Amino acid sequence: MSILVNNKTRLLVQGITGREGAFHTKQMLAYGTQVVAGVTPGKAGESVEGVPVYNTVREAVDKHGVNTSIIFVPPRFAADAALEAIDAGIELVVCITEWIPVHEMMEVTAYARAKGTRLVGPNCPGVISPGEALVGILPGGIFKPGPVGLVSRSGTLTYEVVNELTTRGIGQSTCVGIGGDPIIGTRFIDVLRLFEEDPQTEVIVMIGEIGGSDEEEAAEYIKTMKKPVVGFISGRTAPPGKRMGHAGAIISGNTGTAESKIRALTAANVPVADTINEIVDLVEQRLK
Amino acid sequence: MSILVNNKTRLLVQGITGREGAFHTKQMLAYGTQVVAGVTPGKAGESVEGVPVYNTVREAVDKHGVNTSIIFVPPRFAADAALEAIDAGIELVVCITEWIPVHEMMEVTAYARAKGTRLVGPNCPGVISPGEALVGILPGGIFKPGPVGLVSRSGTLTYEVVNELTTRGIGQSTCVGIGGDPIIGTRFIDVLRLFEEDPQTEVIVMIGEIGGSDEEEAAEYIKTMKKPVVGFISGRTAPPGKRMGHAGAIISGNTGTAESKIRALTAANVPVADTINEIVDLVEQRLK
Amino acid sequence: MKFLEYQAKEVFAAAGIPTPQGKVAATAGEARAIAEELGGAVVVKAQVPIGGRGKAGGVAVVKSAAEAEKEAQRILSMEIRGYPVDEVLIEKAADIKAEFYLGVTVDRARQAPVLIVSSAGGMDIEEVAATHPDKVAKVWIDPLIGLRPFQVKEACYRAQVPPELIQEMSGFIEKVYRVFKEQDAILVEINPLALLGSGELIALDGKMETDDNARFRHPDAKGVDEQAEHPLEQRAKELGLSYVKLDGEVGIVGNGAGLVMTTLDMIQRHGGKAANFLDIGGGAKAEVVKNGLSLILSDPDVKSILINVFGGITRCDEVAKGLLSVIQEMEVHVPIVVRLAGTRAEEGRALLAESHLATAESFQEAAKKAVELARA
Amino acid sequence: MKFLEYQAKEVFAAAGIPTPQGKVAATAGEARAIAEELGGAVVVKAQVPIGGRGKAGGVAVVKSAAEAEKEAQRILSMEIRGYPVDEVLIEKAADIKAEFYLGVTVDRARQAPVLIVSSAGGMDIEEVAATHPDKVAKVWIDPLIGLRPFQVKEACYRAQVPPELIQEMSGFIEKVYRVFKEQDAILVEINPLALLGSGELIALDGKMETDDNARFRHPDAKGVDEQAEHPLEQRAKELGLSYVKLDGEVGIVGNGAGLVMTTLDMIQRHGGKAANFLDIGGGAKAEVVKNGLSLILSDPDVKSILINVFGGITRCDEVAKGLLSVIQEMEVHVPIVVRLAGTRAEEGRALLAESHLATAESFQEAAKKAVELARA
């Protein structure tokens, strides 16, 4: 099964003619994703890796039955691109772009909710359902199909965990990079809900970090879940008031500390691993 | 059963201390409607007909478990009042006020859709489920419970039809005045959908008029309905380009003509009555 | 409220939308002076709140001030579809390279503003939309997010605006949409929006209609009241009555727009024609009834009057009493038929029976009587 | 970007929000001159991008210009929580009748702006919210409709703003919210917002922080860069590096913020402390690696360096080649441990084995080695 993306995904790439857009279009096609159209205003009629380019999302949607979009548009225009995708009724929009202004993201997430569009990101590596579809910039080669659902605020940390899982022969149902920004479209709790309903997923890995309270919110939900969840929190030693790379990874006052998150997860019976190896050990135990 | 309002309705009156608000609060209470709270900014602590008054909708909702609101606020402030009710998560908002600017109503209807609130009106007489609840300014005395669902763009025309129905011993499940404005929250098609699902309703009367294309849209839906619908269209002799009292009752160019509406209804197998008596005749035939 | 071309253009210019140089003239002499000032080659355009003036001969392109005077003379003496031409707009003739259509209006069915752009400017847009739908781009604006760059771009691309013009056109569209929002307009239309030889985009024509419900926000708006075409409509407006003059002989008074419309239909059904639409609203208050009746009595076309009132929350016996007291004070020179229905209708009719007013029990009967009396 | 009080107040004043008369001074002499101009009775306030200056002694109320000079002298020599005071704001003392709190900030959990109003102004709002939640009104603003009158009213009523002040307070709130939106702020705070004896509402203090991602819209914004406290952070900013100075001895370079944070945690787990956070991003491009490494090498605290890279789309052997070529050009005076993982990690490690760099297979091993080397 998997969640969010699969072999029925019909993908539109917004910003397809840019450097990143073109490169990852090639990667996604190589992985087997159905990339059916691209959009770059003013570049209609061109093609990238054989994918036709349109001026507007609506035209691409009308002609190709798009159900998912991925955004590689530069930060100043990315929110507008996301609104365009939502307005066109696309079900799932994955926004890779980082540095999008907070005020624009508040509008975009509210609009996505109003129109029933699921937005993943921004500032995220995307989504992969191994063996089915890659909608993002994740390195497809390290993934393999299997029973572990993974959701994470961090890209490379996801790769570390997946690499270890795959090395030990454990595959993944879907891996979702929800992004490191303070305002994101899809949060831990949303992905956990999907994994809970997904028949393929047996164990869930949740990789959190300092900042915000999404992990705490997720912990409340986990108390009601049937499937086992393994947790990890990065930034335990980060000083308060400092942004640790991710715009959202900051301890402000008493909120967003690693302690608070670990406490909440522990209270929800989620073992919180200390190292990446330990994450995989815990997953292994729960799969047996 | 009935639709929209019933004996579980817990009503908030926005603008309760105004002349109209106070008068109709009394009427609605007399009809048996559970009017649980009122709002007039700055008048918290007062009471109208024994109903406590609050400064804000949120406070009234928190204290009284309101699920429905009726708006008697003057036109300049009515859209804001509607947004307040929607923002507070009220399920059904009935807006009696007329002369609300079109741009404000476009925002309000869009926001209601986004938040899943059902808005009836503006510029409407409200909703009554005879014997259960009156949420509006309709004259309760002429209604009686029964099997006829009625939906109308016109107030007094509704009363005419109901008066004739009741005089002939035919009761009503619910009567909905959707209002005569060009931008309204609930349209014929929405009410027809509810009547189609309502076990009490056996025959539906739909009273349309010139202007817009809501009757035509409804006719398309009626083709898929199981319950019989009887139609009426007023303004057959109205000249094009003239607003006939209702802001929405105007033929512009080729759209909004009575002919077009009658044609559409006829094509949906809806008999279109020529007189009010004929409406009731047609209903009677369908009830037998 | 409808705006004449020059009134709309004043609003446009204040919003930074380019418009041609020009001035409005009420006499041929003024027109000549303006044309001289502008250099002779000008366009003379009738200022009427209605379309189709070009076909009616209300627009003239001239080469000299003398010609401008002559044409202004001619146009100022015209009446276009019932509207006498009181003013002409004199504008510098433009060097037009291409013509576009740009409009923003309220789409009732979608409950949202719709932006319409076309490369087939200068033509009737409804006709172009019917014959060449691909030439007309319609983009709906979600009120929750307003106009965004993606919609502007979509409109430009779909209307096949040349790539080199898209940036300027986008700025133009954004300004026009701002006018639409800020003026509470229900229609803003620029047709043609011209590309000049100089490369500039300019509003060659301009149409605007604003929402009367929002008039309180625009106390200084300068436009033409649309519904007040007939002197009786003007008077009704002053009295705050919802009145429309029609061309029949039966005066109509009723409460509720739907009921009054149905009354008109019923009059026609019985072979007559209504002289007016008049909705006195709920409750039939004495002063409104009085104002309404005296308005109708002042209409020389009216041969009989039908008063059709449904008593809802206000009981019919009270309505009858009110009616009687009003009518007794007035000089009534045509027959009146009163039909009362609803709460305590019988009691109401009983009260009226003692007066010289004709009553009717049913809608049909009332309409029939009123038509007969008008013919008598 | 954080704004000092006087910088925030300049923005407020431009938006029509009343602020006290005053000027900023960099010397005690300037302070005296300003105080004289203002009439002697003034407030002298340290301008630092951090709260709690009052408790730290950074604010003085004085009665004369001479006193102002003395206090300015004292305050200008202070350092408040690591920030030297370079400027003081001298403002006319106000006749305060009541103090309110007004703030607008971004609520991450609700993904919406939140408006906070309280009648308990002048105090720590978090504390008031904890002890007297009824005195703090929080109203969330749905981004789809923005700030509306009903929300402003709700905030005023719930904060128990006196009825006679509600209209003025509403106008004040609307202006502050406009600043919040227009400046792309993530925080605007006025505490206290004072009611003066004259009946006027005024922003006695002012705090503002704006969104760095939106800086392109505000090229002329005058504020203080928050993350550039340490000279090395300042330098990193110039180089476009995502770098945070920390107080340990192991220099850290990694790709991906989560991975780097985890590396810091791992260093601590093995008994060491990281000297910095440095994320060189995906792919580990040669120039970024070089800039990052030289920055770390210039940090005298650094005793060893751990380079932790995950090769994803870029293969580890390519990453190794890149690393080698960069390091060969540099003067490296501390031991470096490189850990490569991911695609073709073994090949990468083999390439590095031929260099003088220490390698590690696992995260743990790498962290352990780096800590040991720092201690050696």
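A few notes on this one:
By letter and in written order, the chains are A, B, C and D; residue numbering begins at 1 in each of them.
Simple rule for what comes next: contacts are C-beta pairs under 8 Å (C-beta built on N, C-alpha and C of every residue); 3 or more make two chains touch, one makes a residue touch a chain.
Computed from a predicted structure; not experimentally measured.
Steps from subunit B to subunit D, minimised over paths through touching chains, total 1. Taking the CA centroid of subunit C as reference, the farthest chain centroid is that of D. The distance from the centre of subunit A to the centre of subunit D, with each centre set as the mean of the Cα atoms, comes to 27 Å.
Rounded to whole angstrom units, the spacing between the C-alpha centres of subunit C and subunit D is 57. Between subunit A and subunit B the centroid-to-centroid distance comes to 44 Å (mean Cα coordinates, whole Å). Taken residue by residue, subunit C touches two or more other chains at 142, 144-145, whereas all remaining positions touch fewer. Annotation for subunit B: residues touching 2 or more other chains are 107, 111, 114.
Subunit A contributes residues 41-42, 44, 55-59, 77, 80-81, 83-84, 87, 107, 111, 114 to its touches with subunit C in the complex. By the touch criterion stated above, subunit D contacts subunit B in their complex at residues 142, 144-145, 148-151, 153-154, 157-158, 163, 166.
Against subunit D, the residues of subunit A that register as touching in their complex are 27, 75-76, 99-107, 109-111, 114, 137-139, 141-142, 152-160, 163, 180, 182-183, 207, 209-210, 212-214, 217, 234-239, 242-249, 253, 274-277.
Touching subunit B in their complex are the following residues of subunit C: 106, 108-109, 111-113, 126, 142-144, 181, 184, 186, 211, 213-214, 216-217, 227, 242, 244, 246, 254-262, 264-269, 274, 277, 279, 282, 310, 312-313, 341-343, 362-364.
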